[in-house]
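One chain, chain A, appears in both complexes that follow, with chain B as partner in the first and chain C in the second.
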Partner chain A sequence: MFLCLQIATAALLAGTTAEADPDWQEGRLPAAVYAGVPRIGGTLVVRLDQEPPSLDKLTDSALAIDWMLERKVLESMAEPDASKHPEYPLKPALATSWTISPDQLTFTFRLRRDVVWHDGKPFSGKDVLATVRKILDPSVRAMHLRNNFVDLEDISTAPGDDFTVVARYRKPYFLAFRALATLSIYPAHLLETAGDMLHSAIHRAPVGTGPFRFDAWKTGERITFVRNDRYWGRRAYLDRIVYRIVADPAVGFQLLKQGEFDLYLQLQPQQWVRDLDAAGLRKAVRRIKFYSPNYNWIGWNEQRPWFSDPRVRQAMNHAIDTEAVRKSFLLGLDRPTTCHFYLDSSACDRSLAPRSYDPARAAQLLDEAGWRDHDGDGVRDKDGVPFRFTFLMNADSVFLDKLTPYLQQELHKLGVEMEIRKVDWAHFVQLVEEHQFDATSLRWGNTDVVQDPYEIWHSSQIKDGSNYVLFKDPRADQLIEQARAVLDDARRNELYRKLGRLLYDEAPYTFLYSRPSLDAVSSRVRGIRPSVVWYDLQDVWLAPP
Partner chain B sequence: MRPGVWKRFAARRRNLIGLGLSLLLALLALFADFIASDRPIILRQAGTLYLFPNLVEYRALRGFSARDLGRADWALWPPLRHGPYTIPPLATLEGPLPQPPSADHPLGTDNAGRDTLARLLHGTRTSLGVGCAAAAAQVVIGLALGVLAGYLGGLVDVAVTRAAEVLLSFPLLLLLLAAQGILERTTLMSTMAVIALTRWADTSRLVRAEAMRVREMPYVEASRALGSSRLRTLLVHVLPNSLSPALVAATFGVGSAILLESALSFLGFGAPEPTASWGLLMAHGFQDVLDPNARLLVLLPGLAIFLAVSAFNVIGEGLRDALDPRYQGAVDPSVFITSAQNRALSPIPKPDGCGPTPAA
Partner chain C sequence: MRTLLLQRLLGTIPTFLGITFIAFALVRAAPGHALALEGDGGLRQGAATAAERREYRRLMGLDDPFLPGYARWLTHVVRGDLGDSFRDGRPVRVLLAEALPVTLLLSLPALLLGYLLAIPIGLISAARPGGLLDRFLSSAVFLLYSLPVQWVALLLVVAASGSGLPIQGLRTEGVSAASDLFAHLVLPIACLTYGSLAVLSRHLRSSMLEVMGQDYVRTARAKGLSETAVVLRHALPNSLLSMITLFGLTFPALASGAVIVERVFGLPGMGKLTFDAVLGRDMPVLMGAITLAGLMTMLGLLVSDLLYLAADPRVSLRGRRT
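On to the complex of A and B.
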C-alpha cells in the first residue's frame, strides 16, 4: 500500500441546479446502467488528464498507472471485490484459495494452472517469487512497495509443486497478507533480464495475465489496450480501451461535448456542477461523484519556532473558516474531515468535529503560547522572533490560490504575517520532502480502504518516509507500532481512533476536506461501477446506439 | 533636450496620445489609494481626526470597518470603497466566486472575492512602478557599461560586449524564470532587479556604438588636446552625446518591463500574493476560464497591459524619430538631404549645424 501526492486543484462557481433527478444530483449511476445482456465489442475512450511517467507499478506510484493496469492488465493472487463497498473483501484471482496459519505468520496460496501470460508463456508460482524478489532488490526503485515486505522471512514454492506459494513472516503485521495477496504479479521470464526495470521493455509495455493486453503508447497522445482473447476467466466485453491524454480542462470539456469520450475523468467542480447541464449533456452523459480515500491538509513544520507549540497549531486551525471556504471556493462538493483515514472508515472518530472559526479563541491560544506583540510593531513575537512565516505552495494549485490570500488576511488580523511562496510541482515536492517549508498544503490519496498510518506519522518516517511536518510523539509511535501487530480490525480501529484524537489535539495538520472524484460517463456505457479501486473496465460493455 | 525635438515629437498626434495615456496611467498609479480604498481619506472617529488613513496605517484603526462609525463621526471616502487586498468575510458572500459586476463591485470580484476594479487600479501602480524602476536601472547599468566599453575600448570593451552577448543569447523569459526560481522568495524588488540585470545588454549595445562614434568626433579630440583628463572627456563630452539611444531604450524598456512583470506574475514567479498585479489578476481569471465571470478577469488586465505597453512604445518610437530626423522620411526635402549628407558622420544631426552642443 502506498500514498500518492495529488495536485490539489479545484475551480469555482456553483450553477443552476435544475429539476429533481436524484441520481443526476448526487452523481449516482441509475439501475439502468446494470440492466440488459452484455454485448461484446466496441472501443471505450477514456480521458486522462496526465500522462503517466511509465506503465510500471514496480518503479512508479502514479494513480493513473494503478487505474490502467490493476486487474485489467496485471493481476494479483487475490483482488478486492469492488462490488462490496465499503469493505472490499478479497476474492480469488490468480490464486484459487489460500490459508493463513493460526499465528498469522505463514500464508499459503494455491494458484490457477490454466493461466498464460500475454506473450503465451505459462504462469506459475515462480512468477510470484520473481516479483517479490524484484521488489526486495535494492537496485530497483520500489521503495513504495518494499515497506510492505520488510518483515518477510521467506517466500518459496512448495517442494515439487510450482503452483503453491508459501510466505513466512517474522512478526505479525495486519497488512502483510493483503499486501502480498494484492501484489501485481510480473512474468519471471521477463523480470530476469529487466535489470532495474527502467531500461526494460516492460517498463512502458507491460506484459500481464489480465483480460486486456497492452497494445500501443503514442507519447503525449494515447495509450491503447486490447482484449486478451486467451484470458483464463470470463473474457472482457470491450474490444479495446483507449486512454486519450488531454491535460487542459477546457479542451477536454470541448471534446466531451463533441462526444469524443465514453468516460471522462476529473471534471473541474464547476464543469461538474454547472457546465454539463449548460452544455445540454444531461441526456448524453451520466455524472459520477465518488469519495475515494483522500484528504487535503495544511501542515505546520514543527521544527520551526512558530509551530512547535500545539496551541499555536490549534490557533491556526481556528483562524480558518473551513465551512465558508468549502462553500465559496469548493462549491460545497468536498466533505469536511478531521480524519487521517478514509472518511467512511471505522478507523475514524466521527465525534471529532472540525474546529470552529473563532478568531477570538485563536488570539487567546496565541497569547497563551507566549506569542504576543511585545515590541508593539503590530506583529506578534516571542523570544525576539516575530511571527512571520512563509506558506509554500505548488504554483498550479487553483484551490490554494484562493485559500492562501484568505488565510493571509485572517492571520494578519491576528497579528501574524504570512508570505506566500509559489514553486513548480517538481521543486515543490523536493522542498517538502526535505522539510524545507514553514507551512504547506497537500493531499493524500490511496487506492485501498485499508491503510497503515506508519508512513506518515511514525517518527522514524521523518528521514525517508512521508512525515514531512516532523511530527514526533512517543505516544503516537507506540499506538502505530501496536496497531501494526493487531490483526483484528475492530481492535485495531479502536487504536486508530485513539491516534486520531491525539492528532486532533496535537494538530500537526489542519485537516481540511475529502474530495470526490468528479467523472462523467457516456450513457451508452453499461456495467460500470465506481469504487475505491477505480473502475473495473473488464465488466463494462457498450449498449448498441 | 535639443531644441526642436519636442516640436518634432508633438507634430505627430499618435505621440501625444501615447504621452497622454501614460500620464493618465501615472496619475492613476499615484492616486490609486484616493480612488479605491477600504479606508477613508479623512476620518473623524471618537473625537480624533485621522488624516489619510488610506495611506497611513494607524494602529488604532486596525480592524476598522465602516460600521464602526458613531453618530458624531464622519469620513471622506474615495469613490470606490474597496481596497485591493480586502477579502470580505466569506460567510457574507453571496453566490460563487468570481462574482459578476454589481453595484457594489462595478467590475465584479476576482476568485478570492477581492474587488476587480480596485485591483486593476492598484495594479497600475505595480506595473508602472516595476516598469519604470526596472527600465531606469537597466538604462543606468547599460549606459555606464556601454559608454565605458565604447570609449575605452580594448579589454573593457571585450568584457562588456561578451557579457552582453552571453545574456542576449539566452531566451529571455527562461532566463528570468531561472533567476526568479533560484531566489528563496520573489518580491517586486527581486522582479525589478532580475529584469534590469538581464535587460541592460540591449541598452549597452546601442550606447557603446554611439560612444564609439562620439569618441572619434573632432570635439572630443579637441577636448583631449586641451589637456582634459580621460574622465572629464568621458563625463563632459562622450556621455552626454551618447545619451539619445539610451533615452529611446529607456522608453521601450518601460513597455517591455511591464510586459515581463505581467508574464512572470502570470506564471506565478513575479509579484507575490497579495500584490495587485495585472499578471496575477489574469492568472486568477485564467484558472476558471470556462466561467463567464472569470473572462472579465482575463480581458481587463490584458487590455490594461496592452494600453500601457502601447503607450510607452508609441512614446519610444516618437522619441526615436524625433531624435533622428531621418525617420521622418521625405516630408521636408532639405531635412532629408541634410541627414543624408550627415549619415556617415552622425545619425543625429544637430539642427543648428554647428559644433558640439552638450545636451541640455
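On to the complex of A and C.
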C-alpha cells in the first residue's frame, strides 16, 4: 500500500514537472526568450572551459576561437544564416551580393563601402586579397585553411574598383566558394607587417570589422570584448562580453550556482541532466541542447587480417548494443547516427537505421567470413591467425573508458579477444595518423554543415590524409570526386546519400552518436539562438533584473 | 667568501649541462604530436593533415639531428633566448615571467606558513614524546597528509561558495585592493600548506629528539636551566640545522607550481604552464620550465650551504675547525 502510494506520488511529481516545463527538460529555449523590446547595455559573462592558444584564425583552429571571433569580431563576405536550420544557406555580410560564372570557375563579390576597421581605417577588397595571400604564404601556420585554396588561380579586385573582388579557380569545387565567402577577413594594413602572425599584435589582439571589438586578455583568467559603436550594421545591445576561463567543471558549476555566469558552455552530461535541477536552478537558468555537426565512431583498420572483410566489420557492429550504451553511458543525450554528414542535413539517408544488437547474427557473419574456432581454444581463428586484436584509445576519454570493457565482454562471448591500450592524446593522434592500430575510436567535428568527405574517405587520403582506417573503394572514390564539382546542394547531397549507403554496407566505421552541446543560459538573457554556427551574440540583450 | 661562491657557481655548470641534456633527450624522445593539445577527444575535419603536421615539425626544427639540436638550443639559452612557444608563438621568457609570479605568490606564503606551523607542532610533540599531545598532533598531521589535494580543494570550493570567499582566479575584475588579492589566496594557500605540515613537523620532532639526548643538553639541564630555556636555547637551534637541509630540497618546488591546485582555483602558474606544455608537446616551453627548475635546485643547494655556514660554527670556509 505504502509502496503503491509512493510510486503514485513519484509519477504525479514527474508528470507535473515534465508538463510544467517540457522546454526546460528538453533544453529548448521558450518563446519568452525572444519576446520584449531589446534593451541596450550590460555585460554578458560566458564560461569557457579551455583557454585558446591565440585569437588568430589564420594560425589556429581551436573551436573557442571561432566561437569568440566569427561574426562577432571578424566578419566574412557572406555568412551562414543561423535562422535557417538545417541548411544554413549563405547570406550577405561584408559583401552585398555575389555571382558565380556559368562554368563555376569565377566568383565575383561586391563589397560594402561603409565598413571601417576597429582601428578606424576603411575596409576594401584589398583586405580580402591580403587575407587570402596570408593564407597561401607557406611561412604562415595556416595549413587548416590552405586546403580550400589549392585550386585558386588568381584573386584580384576589379580594375578601378576596390570594392569588387574576383576570384578565379582552375577547377570547379563546391567548397572553394563557401570557403572564400565565409573566410574571416583581416585588415591588410596590419597583415603587411604581421610576418608569420605568431609574433604580431593581432595574433592575440584581433582587429576586425564586427559588432564587437577586442578589449583585453588576461592570461588564464578572462578575455574581454566591447561593443563596436562604429559598426556598419545594427549595433549590438551588449556593452561587453567577458569570457571567463574556468577549467574545472566542479568549480565552474559552483560559480554557476552563485550566479556568476550568463552563459555557461560545456556542462557535463550529469550536471545538465541532474545537477541543475537538484541545485534548484530551474528558475534561474535555462538549459540548452543542440547538435553541431559531429559524430564518434569506431574504426576498423582494413589492412589488419581481422577486419579486411566487410562481414567482420558488420559483425562488430551487431555485437554492440548501441542503444543500451547510449542510455546508460551517455544518459541518453547523444543522438544515434549512421551517417558521415550532419545528421539533420539532406546528405544523410535517414532510412539507414543503426545495426541492431544481434550476437547471433554477429556469430553467423563471423562464421561466413571464415572466422571459426578451428583449433578449439575458445578463440576464433582463420588461416592460423587467432582473432585477438588491440583497441587503441585516448586515455582521457570517459566514454571509451566505459565502452571498451563492455565491448571486450561482448566480443569475448563471440570468441573474439580484445585488448585495450590507452595512450595520451598527443601520442594517440600520432599513432592513428600512422595507421598504427587495429581498432580505435575518435570523433569528427565540423563547424559547418557543408563538408567534403574527400580527406576522410577517398583512397588517395590514406597516405597523409585522414583516411586512417585505410578504406579503399573505387565506387566511393568516384562518388566523392563527382560530388566535388557539384555546386548545387541538392544534387550533391543526392550523391552523398549514395556514398552513405555504400559506407553503411562496407562498414569501415561503426558509426555511433552525435554529441550534443550542453549549455545553460541565465533567464535574464534574451534573443539568444543556438545553431551549428554557435551563438550570434549581437542579437543578445539582457532583461532588467 | 667570494672565492667559495665562485667555486660553487662554477661547480653548477656541469650539473646544469647534465640536467638540460637529459631533459632535452627525454623531451625529444617522447612520442606524440606537437600542437595536439586542442583535442577534447575529437578532431576537426579540414584541420591539418598528416603531411602538413610533418611540414610543421620540420619548420619547428623537430626533425633536426639530436646533438646539433641540443647545441643550438644551448647557444640560444646562453644568449638569454629560450625560444618561442610552439602553441602560441610567444617567447618562453614572457610565458615564464607571466606564470612564475603567480606561482611564487602561492608557494612562498605556503612555505613560510608551513614552517611557522610545523615548528611549534614539532616542538610540542618532541617535548613529551609518546604523550597524549604528541600522539594527537601526530595523528592530526598524518591525517592531513593523507588527504588527497584534489578532494580537499573541491571540498573547500563547495564549503566556501556563498561565504563570500572567492574560489577562482587571483583578482575580482576591476578591483585592485590588496585585500581582494589576499582573499583569493586563502583557499589555494591552505591547500598547498596542510600536506607539508606532516613532513616538516615530524622532521623537526625527530631531530629534536636526537638533540635532546646529547651531552650538552644534559649539561644544560644539570646547570639547573628551566626546561623552556633548554629546549628553546640549546636544543632548537641545533635541530634547526636539519631543517636547513630540508629547506634546500624544498626550494625548487617553489617555482615548479602545483598542477591540481592551480587548475581548481584557476590560477595560471607554472604548474598549468608545464602540464599544458607536456600534453601539447610544446618543447620550448617544457625546456624552459625544466631549465628554471634546474636553476632553482642549484640555487636551493647554494642557499642551504650558505645558511649552514651562518648557522653552524663547525662548518667554515677553510674546512673543519678542530
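Please note the rule applied: the second predicted complex is superposed on the first by the 525 of 545 C-alpha atoms of A that agree within 3 Å, B and C clash if a C-alpha of one lies under 4 Å from a C-alpha of the other, contacts with A are read in each partner's own complex, and residues count from 1 in each chain.
Note that a residue touches a chain if its C-beta (ideal position, glycine included) is under 8 Å from a C-beta of that chain, and two chains touch if they have at least 3 such contacts.
Predicted, not measured: the structure shown is a model, and the values here were computed from it.
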Chain B and chain C placed together on chain A: clash or fit? fit
* Asked: A:L94 contacts which: chain B (first), chain C (second), both, neither?
  -> neither
- prompt: Is A:D275 in contact with chain B, with chain C, with both, or with neither (first, second, both, neither)?
  reply: first
Check: Which holds for A:W444: it touches chain B only (first), chain C only (second), both, or neither?
Finding: second
Next on the checklist: Is A:R222 touching anything from chain B or chain C once the two structures are fitted on A? First, second, both or neither.
Outcome noted: second
Does chain B (first) or chain C (second) touch A:Q258, or do both, or does neither?
second
Between chain B and chain C, the one with more contact residues on chain A is chain C
Looking at A:V242 after the superposition, I want to know if it touches chain B, chain C, both of them or none. Which is it: first, second, both, neither? second
Of the two partner chains, chain B (first) and chain C (second), which one does A:A324 touch, if any: first, second, both, or neither? first
Three-chain overlay: angle at chain A's Cα centre between chain B and chain C, nearest 10 degrees, stands at 40
With both complexes superposed on chain A, which partner does A:V469 reach: first (chain B), second (chain C), both or neither?
neither
- Query: What is the contact status of A:A315 with respect to chain B (first) and chain C (second): first, second, both, or neither?
  - Reply: neither
Distance floor for C-alpha atoms, chain B against chain C, superposed on A, in Å, equals 7
After superposition on chain A, the chain A residues reached by both chain B and chain C are 250, 424, 427
The chain C residues in contact with chain A across the complex are 30-34, 36-56, 59, 84, 87-90, 98, 102, 154, 157-158, 161-162, 167-170, 173, 263-268, 272, 279-281
Residue positions on chain A within touch of chain B in the complex are 11-14, 249-250, 253, 268, 270-271, 275, 321, 324-325, 327-329, 331, 378, 390, 395, 398, 401-402, 404-406, 408-409, 413, 419-424, 427
Within the complex, chain A is touched by chain B residues 57, 59, 62-63, 85-87, 89-91, 93, 95-98, 111-114, 181, 184-186, 267-269, 272-274, 283-284, 287-291, 293-294
Chain C partner, complex, touching residues on chain A are 50, 52-54, 59-63, 139, 141, 143-144, 146-148, 196-199, 203-204, 219-222, 242, 244-248, 250-251, 254-255, 257-258, 294, 296, 394, 396-397, 399, 424-431, 433-434, 442-447, 451-452, 455-456, 461, 464-466
